[in-house]
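Which chain is which? They are A, B and C, in the order written, and residues in each are numbered from 1.
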Amino acid sequence: MTDTEKSLFDAPPLAEQERMVEAILFASIEPVTLREMEERMPHGSDPAEALVYLRKRYEGRGVRVVKVGDAWAIRTAPDLAFLMQKETVEQRKLSRAAIETLAIVAYHQPVTRAEIEEIRGVAVSRGTIDQLLEMEWIRFGRRRMTPGRPVTFVVTQQFLDEFGLESARDLPGLKELRAAGLLDNRALPGAGGDEDDEELTGQSELFED
Amino acid sequence: MTDTEKSLFDAPPLAEQERMVEAILFASIEPVTLREMEERMPHGSDPAEALVYLRKRYEGRGVRVVKVGDAWAIRTAPDLAFLMQKETVEQRKLSRAAIETLAIVAYHQPVTRAEIEEIRGVAVSRGTIDQLLEMEWIRFGRRRMTPGRPVTFVVTQQFLDEFGLESARDLPGLKELRAAGLLDNRALPGAGGDEDDEELTGQSELFED
Amino acid sequence: MGRMSEESHLFEAMSVSERLQAEALIVDVDGFEGPLDLLLSLSRTQKVDLRKISVLQLAEQYLLFVERAKALRIELAADYLVMAAWLAFLKSKLLLPPEPGADGPSAEDLAAHLAFQLERLAAMRDAAAKLMARDRLGRDFFARGVSEEIERVRKVQYSASLLDLMQAYARIRTRDEFRPYAFDRKDVFTMEQALDRMRGLVGFAMEWTDLVSYLPEGWGLDPKRRRTATAATFAASLELAKQGQIEIRQSETFAPISIRAAQPRNRND
């Protein structure tokens, strides 16, 4: 009783907070957001700061503290994968269409179905999108403010977690692709240039924060 | 294990073995026996020794390496168990029975259960009294010096605090209730002051202690 | 002219192995994910950087592919044929000198766009491969094997106010009298009373009249009595309007409410 009362006024020492973050992350399979940690820790705690120390503490260890989007998780070190045959989950075999669609969503997000089709030069089957949605690798983003207000797709935290990415900014080769202009959605010449302005708000949004 | 064996199979350094045990314990669904660890680790590994170091490393941390039967697991430090609880506070209106019982205790204290029932005209459930006791709005008063020596109930200081009353005497009397339109004038037989007087005798015992 | 000779030159440049490859492509037509994918595969035979690709040569290869497919009576999906038509158009544009003053994008722009599309598709393929080659959760690195369930502790906080308490007590006290709780009706003007009163009056209201003027005498001064009379009169006029005896109007929210007797022609509507 007195302890809780006390904590209302004084946040626990940083070392204690680090222990708490450690316990919370160990206890969860899913990444945990700072906000969730804050809600569970005593008032006045600063999980973000505790995480800096915790992350350092686990450097080079058998498990690591990793950032997944705006959440945090503990994951085993990839070099120890060979120990984990027992835990290995059968990876779902994805069609070429699904893999390419996933990559296009990741690199071009937020992206409309029409844009995916434009890039692949072929219609995207309903099943492909459904499969990626079902795997929770992509989700609906905001509607595009263009005629028809088409839905857009973006990748999920689950996707980042599964592919070991801190954020969509860390996608392999993203910078090079951007620099080469390959993430632009250039319209066919003569087909109206409005689209380009719209497109610039694509992955560029990711770089702003 | 002899030195020759060790050199033959070239077991990984102990620090590496510690990492391995850490990763295995982390990722496993069930506690892991030494034998299982040994089977999964490179030949010549000594998980028992690695465990000694790993256990020490986790001493005082947010999670601990614990023995479960003859197997090992990583578990939250017991003092941090509170982090694994999510408290949701739900505001709920007190039941009508409870409010009426509370009102009777407040106006007529000290009052016995039989008296409460007489005033309400219905039986008072054990749960209602318990709830009020648990909320620390009422408490047991002195036993009544009548046959059976029934217990009485009185309101608590906490009740007075929460309802913003200096004492139970500050509760509005019937006259005031009437003036506030909460009581029907004409309902009272012999509409004089009798009722109020009666009320005062109810509360009079209050003034004595 | 120069372009024509270039074209025939390209044709001859196609080696036997390339021709065989093109034939193999036909057999494999199901393996392509649309015309752009096919174009990308064809472009590989040029063995150059996609940025330096000869779109003209590519168009030729594609058209040749479509021709062969037709010869082998392989049914091509519509989008392959649309692409073929577009490439034939592009080819003619590339070969002919630009018409002076012609509108629309130049052949070079169209060719550049096609090259861009191919390069972008190739880049996405490459990116997808890199993505899939990454260390993966559940294959290369692992999550906690068992999650400690977060125990949800539901704490119910009951509340009651002093008013609740007094009302409850008042309720009990009234119940003691063994009579149902009743309002003191001295200061209550009922809708029935209002209806009776208005039925007698509305027949004369040919013009719009403020509802307030229908309040009974002696009820307009005391706020409490005024409130109950207003409410009853308003409810009564709604009832009369429902019965078609009067019309009721209010120009805007909170504006005075006026009524008048129903007009005969309205009743006929």
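Quick note on the criterion: a contact is a pair of C-beta atoms (placed from the backbone, for glycine too) under 8 Å apart; a residue touches a chain by one contact, two chains touch by 3 or more.
What you see is a predicted model; the values in this text were computed from it and never measured.
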{"item": "Chain nearest the overall C-alpha centroid of the shown protein atoms", "value": "A"}
{"item": "Of all other chains, the one whose Cα centre sits farthest from chain A", "value": "B"}
{"item": "Intercentroid distance (Cα basis), chain C paired with chain B, Å", "value": "47"}
{"item": "Separation of mean Cα positions, chain B and chain A [Å, integer]", "value": "39"}
{"item": "Rounded Å distance between chain A and chain C, as computed from the means of their C-alpha atoms", "value": "25"}
{"item": "Multi-partner residues of chain B (each touching 2 or more other chains)", "value": "23, 26-29, 76, 84, 86"}
{"item": "Shared-contact residues (touching 2 or more other chains) in chain C", "value": "142-146, 148, 150"}
{"item": "Complex interface listing, chain A residues touching chain C", "value": "26-30, 73-78, 81, 84, 87-89, 91, 96-97, 99-100, 102-104, 106-107, 119-123, 161-165, 171-173, 177, 180, 182, 186, 188-190"}
{"item": "Contact set on chain A toward chain B in their complex", "value": "18-24, 26-27, 39-41, 60-63, 74, 76-77, 80, 83-87"}
{"item": "Contact footprint of chain A on chain C as seen in their complex", "value": "33-37, 39, 79, 104-106, 109-110, 112-113, 116-117, 119-121, 123-128, 130-132, 134-148, 150"}
{"item": "Residues of chain C touching chain B in the complex", "value": "142-146, 148-162, 164-177, 179, 181-182, 184"}
